[in-house]
Amino acid sequence: MIDKQISSPAEAVRDVFDGATVMVGGFGEAGSPIELIHALIDQGSKDLTIVSNNTGSGEVGLAALLKAGRVRKFICSFPRTANSTVFPELYRAGKCELELVPQGTLAERIRAGGAGIPAFYTPSAVGTPLAEGKESREFDGREYVMEHGLKADFAFVKGRSADTYGNVVYNKTARNFGPIMAMAAKVSIVQVESVVEPGGIDPESVVSPGIFVSRVVEVAEPAHESELIAAGVSYP
Amino acid sequence: MSESMTQRVGWTREQMAQRVAQDIENGSYVNLGIGIPELVAKFVPEGRTLIYHTENGLLGMGPSPEEGEGDPELINAGKKQVSAIPGAAYFHHADSFSMIRGGHLDLCVLGALQVAQNGDLANWSTGEEGAIPAVGGAMDLVAGVKKIYVITQHTTKTGEPKLVESCTYPLTGLGVVTRVYTDLAVIDVTPDGFRLVELTPGADFAYVQERTGAQLLPLSH
Amino acid sequence: MIDKQISSPAEAVRDVFDGATVMVGGFGEAGSPIELIHALIDQGSKDLTIVSNNTGSGEVGLAALLKAGRVRKFICSFPRTANSTVFPELYRAGKCELELVPQGTLAERIRAGGAGIPAFYTPSAVGTPLAEGKESREFDGREYVMEHGLKADFAFVKGRSADTYGNVVYNKTARNFGPIMAMAAKVSIVQVESVVEPGGIDPESVVSPGIFVSRVVEVAEPAHESELIAAGVSYP
Amino acid sequence: MSESMTQRVGWTREQMAQRVAQDIENGSYVNLGIGIPELVAKFVPEGRTLIYHTENGLLGMGPSPEEGEGDPELINAGKKQVSAIPGAAYFHHADSFSMIRGGHLDLCVLGALQVAQNGDLANWSTGEEGAIPAVGGAMDLVAGVKKIYVITQHTTKTGEPKLVESCTYPLTGLGVVTRVYTDLAVIDVTPDGFRLVELTPGADFAYVQERTGAQLLPLSH
């Protein structure tokens, strides 16, 4: 008997510890696991390293976690967006460290972390400030930089549906970083709109096979960042 | 700019986009950057089908949805709601950047802060003190896509040239740009430097050279 | 207008040239694009380098291509199977070169080739004869060997269904090397049981997005290696 | 072997497999090698669910299909037809070996030619002149899976020990095996070498030591 379903977001994020590295899926609001992030705010752990493509908007989701002073370091490709003021303020005040990584390198580092690849070479960022201090090497006459795989203690991911074995499917461009973050974390927590029995998802269409997923939690009607912001919500 | 108050010289943003669109072959896989590049999709000539890639996980991106028809989880790299055409495919970020890095995309059209005569591109940071650095997928796109076109105003709002001998802003990539479309001209990046390909209405060689921060080679026939 | 459908296997493999590197999908008979391989036998190109997990069985498919003397080198993880006699004979006679690669390293090298990664580090084969002569390096106290991305001029792949834009879905464990080989080749040729119009495949379920696929060709009732062998077929 | 003609000493292949099955926790993700390891699936204790991975692209492998029910495109790593359980997933080879190399599988049970007292495993080649070398996924499995169990006859058909001081055959991996299940005993690979964990009916310590090519440490309590 295998059942990875957890009763609530609070229960699902219960064991996140101070100093943990947490990968958080999403590209802008698409795929942002807001309910898991809010549960983490309630849960209280601090000194977190967050790996996520953006730093959140308004004062909900990732921006609210930042505002609550719980993030020591952010690993990210694009830490500013239209409605983002929380991260810029913390960053300028020296209260949150930033590791800026090109988006494709970030994705590949996460995938490598999950795939047992400690390092790889990429042409991205060669000759730019983001390659400074990094080892570089020529292959076939072209220069590449060496990048390291990235792993995490936890991943927070938003899917569309999952079965109790942890197989997950996603919704449109909300898929983005979810499948690779689920691979790269020791404990992968996926919130979905519905949890079904094994057999309820076509094995040909599974995007994240259950082996990459530790816990699934049902959030039947997940909030969208833009709607919360439009409604003036500031979490908590 | 002063020109626009007297007699307009050169192209509008739409005309720039339209000119780019003419140079894109049928069947190309294309990534369009945020801003003016997005306009290119509106001007693809009759009879050509392009497949648009957006790095956040969609091949076969379609136009913006009608008001109220959008899905906040179907967006483009600029985080605006879009649609998906019949024949589209969704995929995760590592696969998306495999398409980019692996040289599978035919063309990427990007905006620029500066383009150097050797094809260096600066388009992600002015290096300003206190600015929040943010790079997104630009460095991966210029390193991986087969052909990089730039579409940009010829000069900054304050009249500084954007086509320069060498970039002063932090680079996005080295020697990556092959062609630049501005409001004043179409210019190729060649081994010998910038070479004029096409002038816009009202702009002659001297006019464009004057607004260019590096030597401009004349049209070659 | 985009239409990647080609009228026949013969037409699809027309431009394979002498000395080309051809990746051929399949794990055993599952996913083996037999009709494309047979078309290549008819087509005549030689001095080929073949990248495929196995070397074929009986005297059909890959084994038939080998028997026809058209393969200079085979890059492979498991070049012997129950019914395989063609490759062993050629190999012992010094008539076909072999590069033996652990299966997971083979898969990752192909994926890297397709993803623009020139090299990566893997723990597989460390301390074994298959790591001899390869560069090795320690990360976090563990030893890894460096492996290079692998590319090809052509890939022959067997799918279940494709649309005219080249989006492909597969059948069960016949998926195996298909999707990554399609990524790694300049020209990827996919035989499928049915070609449909764009929109005929759910965009959430596409396995090989069309950008990785150059040509699709319909083979409505593909042969299975085991059935051909049972029927005593020897191609051509 | 002579023993079997008089009174049977030790376990049958089925008993070996059954003994391994007892040590596998509920919910484990398991890859079973070809041969004796495959038998393990038949003996999983009531109440435990294991998920079987086959490296050719299936998680949730089920038993062999009924005669005539199989699909030649639904096979295991041994190229035999299998089935897929409800809750299965198919994936491509790079993803499959990401599961393996990335440490996502809990256990792999493999056969062996030789196991050394430091956990080195040789199971892919006897290094014989003229043999066709073939490795498959063994090197990836031993390098990546969390725990490697070996299930093997204690000696070769000619009575040579398979548990040895150091392997003479080409290695599959260094220091990878944690436990060995043979027809005569269960033996752990410890920092001090082979340690006896359990004896089989009719086999005492001396009997097993005599058939082992390295020092065997006694049961510790």
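A, B, C and D are the chain letters, set down in written order, and residue numbers restart from 1 in every chain.
Here, contacts are C-beta pairs under 8 Å (C-beta built on N, C-alpha and C of every residue); 3 or more make two chains touch, one makes a residue touch a chain.
Note that this is a predicted model, so its numbers are computed, not measured.
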| item | value |
| --- | --- |
| Separation of chain A from chain C, taking each centre as the mean of its C-alpha atoms, in whole Å | 34 |
| Geometric centre distance via CA averages, chain D-chain B, whole Å | 56 |
| Sequence positions of chain A contacting 2 or more other chains | 108, 111, 115-117, 122-123, 170, 172, 204 |
| Two or more partner chains touched - positions in chain D | 84, 90-91, 94, 97, 100-101, 144 |
| Contact graph of the chains (line, ring, star, complete, other) | other |
| Touching pairs - complete list by chain label | A-B, A-C, A-D, B-C, C-D |
| In the complex, chain D residues that touch chain C | 54-58, 71-75, 79, 84, 90-94, 96-97, 100-101, 125, 130, 132-140, 143-144, 170-174 |
| Contact set on chain C toward chain B in their complex | 1-2, 111, 113-117, 163-165, 167, 183, 197-199, 201, 203-204, 206, 209-212 |
| Sites on chain A touched by chain B in the complex | 27-31, 53, 77-82, 87-88, 91-92, 98, 100-108, 110-111, 122-130, 170-180, 207, 224-227 |
| Residues of chain B that touch chain C when the two form their complex | 26-27, 29, 47-49, 51, 53, 59-60, 84-91, 94-95, 97-105, 143-144 |
| Residues on chain C engaged by chain A in the complex (per definition of touch) | 108, 112, 115-123, 139-140, 142, 144, 148, 169-170, 172, 202, 204-205, 207 |
